[in-house]
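The structures come next, written out as structure tokens.
Consider the two complexes below, in which chain A is the common component and chain B and chain C are the respective partners.
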Partner chain A sequence: MNTAPRTSVKVAYAIAGGALLIVLTQLIGTFELAGRAWPPLADVLSYVLTPTGAGLLVRNSLVTFTSAAQGFALGSAVAVLGAALALVVPMFRPGLDRFAAILHAVPTIALAPLLITTVGREDAPAVIAALSVGFVMFVTMASGFANTGSAQHDLFTVFGSNRARRLVRLELPRAVPAFFDGLALGAPAAVLGATIGEWFGAPMGLGLVIVSAMQNYQMSLLWAAALAATAMSLLAYLIFVQLQRIAMRRFT
Partner chain B sequence: MSTIATLPAIAADPTEPATRTAVSVIGADKIFTLGRGKKLQALAEVDLEIAEGEFVAIIGPSGCGKSTVLRLAAGLDEPTNGRVEIFGAEPRQLARQHRLGVAFQEHALLPWASVRSNIALPFKVAGRPVDDARVDGLIDLVGLTGFEKARPKQLSGGMRQRVSIARALALSPDLLLLDEPFGALDAVTRRRMNAELARIWGEEKITTILVTHDVDEALILADRVIVMTGRPGHVRTVKTVDFPRPRDAEITRSSEFHALVDELTCLLDASDGAAA
Partner chain C sequence: MSRLRSAGVNLVHLWPVAFLLICWDVWVLVNGYTSTVAPRPWFVIQDVLAGFADYVPSISYTLGMALGGLIGGTLIGFVGAILVWWSAALSGIVTPTALIIRSVPITALIPIIARIVGYGDPAVLASTTLICFFPAFVFTLSGLAAIPEAGRDLFSVLGANKAQVLGRLGVLYALPNLMVSVRITAPSAVLAAMLAEFLMGTNGLGALFSESRSYMDMERAWGTAVVATVVSVLVFVGAQVAERRVDARLT
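After this line comes the complex of A and B, so read on.
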């Protein structure tokens, strides 16, 4: 009851902020305050609504979405397994931590040639997405697993739990909120990773559209593609944040 | 180290055949390292001998090492010096065989599991099929019928403690360790739980160590009461309580009972003073 007015205030703020942003982008474009590379928002949207524009964006968004989703799934799975391995075999922990940090520290640009020769142009976006998601997920899960309620740990010890049952009945359920945290943080990273991965010669995708629109000075198309990527990443984030809230309620 | 431990009299009842020793703590010191070279001696030369089937209560001011004694008996900690044996073996053995029941001071329930699953946890941890009738019986015993599906955060502090006690009893353990299990209960529920615990103990004769700060509770339940003093913690006195069982209201109103309550309360106050 008493949270209702607060929620409505929040929603009002969000709407006001969004409206302000839209008006500003439109004005900056109209008066060319940021040069001719910043078209008015209305131009971008009207391009999105033309049949050619819409078709192009939908087709390429689907490609990027597929790569991002594959990378998201792969990266999350490998990271969860890695973090679980570091938990069960503490000897591996420092090595895995360092490995994740090194992978993360290597710039994507430096990885690109390597990936193109190994996995190919089509799959490079998914792999780059997986690498970005994997790091975020590994760090989140490692801290989720490290969050040892020592009383619960003692409880399993006095009831004579073996390692496997401690993992399944205590450590995994306790890390569920962290897992959804990782998904929420990883989703935008996956979209970004896939888009950047497409810069290196992918046959299709929003990343390719961005590069070619830039080279051909098609500003409306460039912004439309950027907008599509942003929308995708924001939507994924919002969905996983909701799931994270549910997990938080259910598991704590 | 300089403290001379009072040796507790072993419950030597000449009319009974010699019973097995369930718990023996021999000259146990516990020194915690606090970092930056600081140390804290929690226990000094603690000696305890508890016979199988005996109910022992430990009372003492807060911080005198009661929980530490229980942790030693549970095999969660090891004494710095001295020895702890449970049924003639090292304490961890008992836990590994799923013969130990513990209710911790901080109930340690799993927040994602229902009351029912929390109580059934020891079965799952032991890899045994859950005995539904036993779990239902325990839920009824601790007065939580109707709350089977509730999760810990929906319960009051006292209800959580009761779940934790039911969980400790789930596998009918050979040794039951209870660390201030009734602390969050109101007086009425507390007495009811005392009576229930006395009844269970009467039926199953589980060797029990109960840590409490309630002198009445100790005298209603225990065969012997161990009074501890702090800094460093050691056993000050051991009192044998030989009121007949069941110890109903008539006994708790008797002048002998009150005399013993007063005596132990005095000892507690004195040990409090010694600790300060």
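After this line comes the complex of A and C, so read on.
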């Protein structure tokens, strides 16, 4: 415990942990320790490998992925613009900060009625995903912009740069790591937002499959869809964490 | 006078909220929506104020479930992290697993919990507890991992055993991290409680929302959304205050 374990040891532990998790899930299912609602993992996998199961999962995963990706792109773009606006027009700043904190705490389910009437059932998942990503992104970007030292700030001012130039030359490059931080945090939020949107009567998607499988007591399908959503969220997170590491190396 | 002034400044800084209310009203008027499509904000606020007694049971249920899960999940995560910290091998195995489980979307978790535990209060509480457990676990563990070598060496030179290192040094590093986790998970706990209630439709704000939506009582549905937002913001602000208190006490 006194020395930090080496990378190879860490990897070995991680693999052991993953294997332990799989074995535990399988055993709980086999012995019905958690009742019939927890099927053995092997049953879930064999369901995924059947043509119907695979087709259903792939089609709905694609729908959810599209909504999540659209929402992710839209939400991050608007949030970055908003944070930049708050930086360039200082008058807006205190209000926008507080507003972002409030928005951050809004339960996304509360936005559902608004979205169903405005954008309709089909586009609501993407918009809810965009909102969830936007909140996270705005908060990280605002703190990323605030992070530039006042000495550098003064230097730019003394050399006669205006706010727009200072934004482009100083604050934007400095905020790049925060941007990737926001992307890494926002990726799971996008998947969550899209599936929440699908709960409210979208025609297709993993969220819909999860709810209908639950109501019809199709446990293998429920678990398979839940695993697909988890895999999507985890993969997106890991990809953006890698990008974030690269950005950290380049911009700090 | 200065207190009055700062209160005034605080109010002025809420301008985006007022702006949003006005936009909402204009949007309803311009599109000519009837109140079954989208009610005007003033009627929604009126419904909340006039019928507040109808909201109270749902608010207290959701708040209770969210806070219960927040406190329970955080404590279990804290104790679990300490147990895991005790053994290097266990920590190596459990930490990656916890990270995987953390990325399970709540929307995938709640239906499974509802099927395993059964519809009702235990399922709601289990959902909120589980949502708060993993962040608390991960944050506590990273706090304990940040105990500097020098501090640990000093303690062992002075003959402290592992429990004393934990009680006198580890807590100092783990508690601020634990409070960060409380702040982060507080709104998620409210969201999880509402999603579970919405899905099972038994009790609470989520159930009130789904009920008034199916009766086309749009003022009540939107009112529930507004009330839920206020509850969530208050829980978040409360967690923020608690975090600052703990930080001020420890540093």
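Keep in mind that, in the parts below, the second predicted complex is superposed on the first by the 246 of 252 C-alpha atoms of A that agree within 3 Å, B and C clash if a C-alpha of one lies under 4 Å from a C-alpha of the other, contacts with A are read in each partner's own complex, and residues count from 1 in each chain.
Please note the rule applied: a contact is a pair of C-beta atoms (placed from the backbone, for glycine too) under 8 Å apart; a residue touches a chain by one contact, two chains touch by 3 or more.
These numbers were taken from a predicted model, which means no experiment stands behind them.
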Partner chain in contact with A:248 - chain B first, chain C second, else both or neither: neither
Partner touching more residues of chain A, whether chain B or chain C: C
Partner chain in contact with A:85 - chain B first, chain C second, else both or neither: neither
Partner chain in contact with A:170 - chain B first, chain C second, else both or neither: first
First, second, both or neither for A:158, with chain B first and chain C second: first
Touching both chain B and chain C, residues of chain A: none
Contact set on chain B toward chain A in their complex: 74-76, 95-98, 100, 102, 104, 106, 108, 110-112, 121-122, 124-127, 153, 171, 177
Of chain A, residues touching chain B in the complex: 149, 151-152, 154-161, 165, 169-170, 173-174, 176, 250-252
Chain C to chain A touching residues, read off their complex: 12-17, 33, 37-38, 88-89, 92-97, 100-101, 103-109, 111-112, 114-116, 149, 152, 186-187, 190-191, 194-195, 198-199, 206, 209, 213, 218, 221-222, 224-226, 228-229, 232-233, 235-236
Touching residues (chain side chain A, partner chain C) in the complex: 1-2, 5, 9-10, 12-14, 16-18, 20-21, 34-35, 37-38, 94-96, 98-99, 101-102, 104-114, 117-118, 188, 191-192, 195-196, 199, 206-207, 210-211, 213-214, 217, 219, 222-223, 225-226, 229-230, 233-234, 237
